[in-house]
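Next come the structures, one after another.
Shared between the two complexes below is subunit A, which pairs with subunit B and subunit C, respectively.
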Partner chain A sequence: MTELQYQGHLHQLQKQLMANYYAALTASAEGSGEPAAYLLIGGNPVELLRAFDILPVFPEVNALQLAVKKQSLPHIQAAEFMGYSSDNCAYVKADIGQYFAGRKTPFATIPEPSLLLCNYVGCNVYLDWFGHLSEYSGCPAFQLDIPFIRSKSGFPSKDDVDYVMRQLQRLIERCEEITGRQLDEDRLRECVRLSSLTGELWSKIKHLTKHTPAPYDAYFDSVTMMAPLYCLRGTPEGLVFFETAYAEMAERVAANRGPLETERFRYVIEGPPPWPHLRTFRDMFSRWNAVAVASTYSTVGGLWEFGFRHDPDHPLESIACHLLEWNLTNRNFLQRYEQIERYLDEWHASALIIHSVKSCRLFSAGQGDMREYFTKLGVPTLLIESDLEDPRYFSEAQMRTRIDAFFESLGHRALVQEASA
Partner chain B sequence: MKYFAGVDVGSTQAKCIIVDEQRTISARALVETGANVARAADRCFAAALEAGGIARESIACAVGTGYGRFKVSFGDLQITEITCHAKGASLLFPQTRTVIDMGGQDAKAISVRDGEVVDFVMNDKCAAGTGRFLSTAAETLGLGLEEIGEISLRARNPVRLSTVCTVFVESDIMAYVAQGKKIEDILGGIHSAIAARTIALVRRVGLEPQFTFTGGVSLNVGMVKMMEEKLGQPLNVSADSHYMGAIGAALFASEHALVPAGN
Partner chain C sequence: MHHVDTLIGNESLEEIVESCVQTIETPGFADAQAWKAEAPGRAIAGCFPVYSPVEVFDAAGMLAVGLAGGGNRMEIAHADSRFQSFVCSIVKSTLEQGMTGMLAEFDALVFHSICDPARNLASVYQRNFPDKRVEYIHFPQNLGVPEAIVFLTGEYARVATSMSELTGKYPSADALRGSIAVYNEVRALIRRLYAIRSEAPHRLSARELYPLVRYGNLVAPEIHIDVLTRALAGVLQREGRPRDRVRAILAGSFCEQPPLDLIAAIEDAGCYLVDDDFLIGRRFFYADVDASAEDPYRALAQAYVDGSVPVAVKHDLRISKSEALVARARAHKADAVIVLCAKFCEPALFEYPLYRRALQAAEIPHIFLEFEEKMWMFERTKTEIETFVESLLFA
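Presenting the complex of A and B:
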């Protein structure tokens, strides 16, 4: 059995729920009247939009879906023909390409934005992305200025939280203008409550991979759960999905079932996956019976497994804290080291794989130092590079050689350790 | 007598080594890989069998390595060239701690303990620092690849290259030729630039002696000297350094075949 054959009920349910979500996007594009807001994954404040019945649209998710379906390259090339640099973020280029191709994708027609909510400032390319979309669509961009975590403590100051909350108030006013109705505070609290329950389940699911064998691959199967986490969080369907996922995973733990027949290596992985070659990439690990037990990428949207919960009693404050503190990309690099160290230790992993992304300097800058840091700690660490969206950056033979050689040497280490024990 | 074969199908050349039960090299063969990788593996295996006067049936186990390792149809196992170079280097030079492998399209630095890989780094999708760079430079100067190392040793005032890009080096070389620079000084500059780049790669796994130089570029005496100068350390180089991946593969083949079933 290969890892790819692991298709549980949650995979089917995800397909069904995401199809419904995309049908809603298409309906919006075709004039159903539901306004759409474009926003970014990092700490996404989706609850506020849901409280206004505004459809969240994630250009990053659309771009990666195009890549998975091997549809990204023509759009990337169209954007390059417009003048976007070959070094520019390929998510941006794929999105701009599809925008000018009529916003029609194999999974949905993407609606024009009624709100362009740039909720992340850590990436200047993203700021320009939404600026360009504003220019192309005529929809004004709404910029949330979210300060980076700058303190050693890793916590935002009270001023930071107040600063973001004041901006959220202005965002509410903008949503009121768009929808023509006032914020229903009970509705917001309900969305936040649903998110809180969803976050609790997602956290429990993430902790289940501490079990040996891990019940699912925390990289390749986590991405299946990440789309509902962003696109459906704050809705009853989103909660049902995570209840189903948790039940299925807990059952697998009880039955000692993993995604592979045998779990030989447990590793932690950093960085987004190469979406255009996801299956090939997954097989490179499966053939070594290697399972990711934790991934930093699955915390880009939020760090629930380390304690974050939305708070229905303080909805705006908890949304502000989510944006500020409780997502991977707004944290500093030392916090990322700490996160990986916790994974290695508490999730019982013996190696770190870093997948660096050529067209995303923001995510990838510093990963060479990260490799040095973990190598010095004695953690076998492999740094590989391709791209998250552009299929041209993936060199299969080179990637396979690096991964094979890494697991060959890990296999040898394990033998030596066994012999000396 | 049982024999064991290692076949290293690289991007440019396919190499085969056959060892006997005492791990002594009994035969070797080398062919150009060309467009048909599987055929290249077959051809170099057949050539090695013929060179050693060894019957096909005497081969107890064969291991494929290199980029074409999955195309070795008669291979019992596939092992990466990284692991095989470490193994081979440690047989010929047991004190090896760092292997520097420069092949046709790859440059690798491998940190080794007791014949096993501790860490490694490779060049990415870029031919700078590989045999391909040197062959492009040789072609541009109208020289054979095998003679440029020797000529580079005569350099007195090596030029400073503005690039180590295999594509742009041609125009760089032509500019120096137009300026009337001596061929040996241009080649000296080329070897110096590539050696510096390779050592930067090696630094990433740690500069720990002894260093063993493997791969086709290890046959280039100019590169050996330049690397030794920049490292301040001698390099272990054998006449069989070019075959190091195949030697390692043959050693793995012998271990695999001699392990009792079930272990």
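Presenting the complex of A and C:
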């Protein structure tokens, strides 16, 4: 097995850009005067904030960074000491813990919020999370209430769109109050235009994994690209990053180069990664030469690969559509089944891995039913459990045994099919 | 044992209560099925907690049955494989009810934007029971703005249209006004009983009040009114002297329900429960909903937005739920607060840190406990409450 080395230009650029982003957060915390807005990943309306020069802060990204850097547990325990339950989302606990620890992290000092923008896009925990931050910080929360997709068609109704549009107008008013200036519509159009181009590139990048071998791992490498997708979308730097990413990935396709020496299994993966054990988890797949060709997790912030683009001619309408319709979190559970089916079919995958995380019940509640559905379709499906933030919920030996057994049987299945062909 | 609606009017309060207990603890939905069989065109809507606009279903010619889980008399044999161990019990037991045929006579199932497992349960139901109409009501979470009422009014009308496709009867404004009036009567009776219990808890225990309210989950509102009216008469005739107990209010049990024996154990441990949030959706409003409004859909939406009680699944930025809890404790002259959360219930568990902060600041003693609907041994919880009570009485 050859391990992928993180030496590509793309990774270096990501590190640099994210360092710049976090430096801006630290500067804001230290009094640069740039206001900061906390918001959530699900279908986020970051373009509106960028148009006002408000710094976006994503508590989910901060929490996962803490987990990757093995710093989450003390914060989680501090929150549990305050009364948070072991059964509450550990992203929230890590974030609350770091908030009371002075907002100092190994990657940045997180500024106090000037705006708590709770874009309620499917996840009910978002509401509690920002409600609590509001109580602790004294900053009023702005609840952006996004009606969940509940029609069989899978589309929002006109009433839903109208409701969101009216709230976006109110959000603009709030941003005007915070910054003391009116919305510059040209600026908003420009941010949305940059997002549109970024979305186009991200979509093209995602479609590249249809190629065999896939040029990158659509789970473990997608997460590298997701941070700039949220933190830098709507900016020129964000666009440069995705131009670079697309060029690098297209080059790999041309060279028939994948993330591993050989590509033996192509699978789809559902659910967020176990951030505190990311490398260990990745190796469990790499050792089988198994590559994720599509992942649902990489669509929490938006579903560009299925056609969504921001529209600079209708900036607010397209932001509303993004919030309502074009992200995983605001879609219903059965729409996720459809999404996975498309991945299996169009991305030529032969198996489904469901990584069930305790913290995020939006993702996980009911995944047993999902397993039943895909198993009946004849898709080899493995359901494994751990957590996205809390390192205590990761049983390495058990996880490895289950993954080994799964790929062993998948290999055997391929042998049998070959023999009978 | 009599069936409660066959009692003839001279029965004691104890008999009424025990009849309700028998009904709510018997698995299945016999009363609802009998109601449906009485006339053609009738249909049943099963409403998952916490709050559902039952008037809309009633006016569409349906019986709105309140789903309240499987209690501790149901074995989960199928649903465990669909929902993980870290998902609360009511989600699994509600699915189990479907998988074991207990909801066979139900025409519709209604879920609400209360939490992520309930949301996904709606989808799982839709997939596994394609013959049933599954509706999901999105309650606005931005309650301070006028468009929230507009949105919710439209949401109720949408659900009404969906239900009318099952019964052939779109709820007219008149019909809906009539249903609001009927349910206003139910809620007023419940409010009255709750007020009596707060003023004189020795005359009506939680162990008695709870089954009286929960009975309404299973029967037509007119029958519930009759039972509550007779129970009220019984309570008013009751005498007795208060005992030396701790007056406590309870919070956290608004969705999954604790077993009746657990409620009894809390009281037996030395508490008067003078307020609680059991089955909060059955008494969701502070006052009557406007039953003469020109647009009754809007009246219902308005009541949700501006006239409903604080609950963990409703995020109203105009009020602080922890401050509201402190105010509730003071209004009921409570000595203590019992936070009783269903295991794995994220909305309830998320309330606790803020409750704790506020209660400590207000110097109101509290105890935090978890339960599951399927629990059947209560000694440990009772001992914990007893210790808590002793610490208050002998402090």
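Worth a mention:
Keep in mind that, in the parts below, the second predicted complex is superposed on the first by the 415 of 421 C-alpha atoms of A that agree within 3 Å, B and C clash if a C-alpha of one lies under 4 Å from a C-alpha of the other, contacts with A are read in each partner's own complex, and residues count from 1 in each chain.
Following the convention adopted for this analysis, a contact is a pair of C-beta atoms (placed from the backbone, for glycine too) under 8 Å apart; a residue touches a chain by one contact, two chains touch by 3 or more.
Note that the structure is predicted; figures quoted are calculated from it, not measured.
Judged by the touch definition given at the top, the superposed model places A:Ala255 against neither subunit B nor subunit C. When both complexes are overlaid on chain A, the residue A:Glu385 reaches subunit B and subunit C alike.
Within the superposed three-chain model, A:Ala421 lies out of touch with both subunit B and subunit C [touch as defined at top]. For subunit A, the partner touching the most residues, choosing from subunit B and subunit C, is C. Using the contact criterion defined above for the overlaid structures, shared-chain residue A:Ala141 touches subunit C, although it does not reach subunit B.
In the superposition on chain A, A:Asp404 makes contact with subunit B only, while subunit C stays out of contact range. Note: residues 385 of subunit A belong to the subunit B contact set and to the subunit C contact set alike, using the contact criterion stated above. The part of subunit C that touches subunit A in the complex is made up of residues 80-84, 86-87, 91, 113-117, 119-124, 126-128, 135-136, 138, 140-142, 145, 147-148, 150-151, 154-155, 158, 313, 315, 317, 320, 322, 341, 343-344, 346-347, 349-350, 352-357, 368.
Interface residues of subunit A facing subunit B in the complex, by the touch rule stated above, are 375, 380, 385, 393, 395, 397-398, 401-402, 404-405, 408-409, 412-413, 416.
Partner subunit A is touched in their complex by these residues of subunit B: 67, 78-83, 116-120, 122, 124-125. Those residues of subunit A that touch subunit C in the shared complex are 79, 82-85, 87-89, 92, 120, 122-125, 127-128, 131-132, 134-135, 140-141, 143-145, 147-148, 150, 157, 159, 163, 166-167, 170, 332-334, 337, 356, 358, 360-362, 364-369, 372-373, 385.
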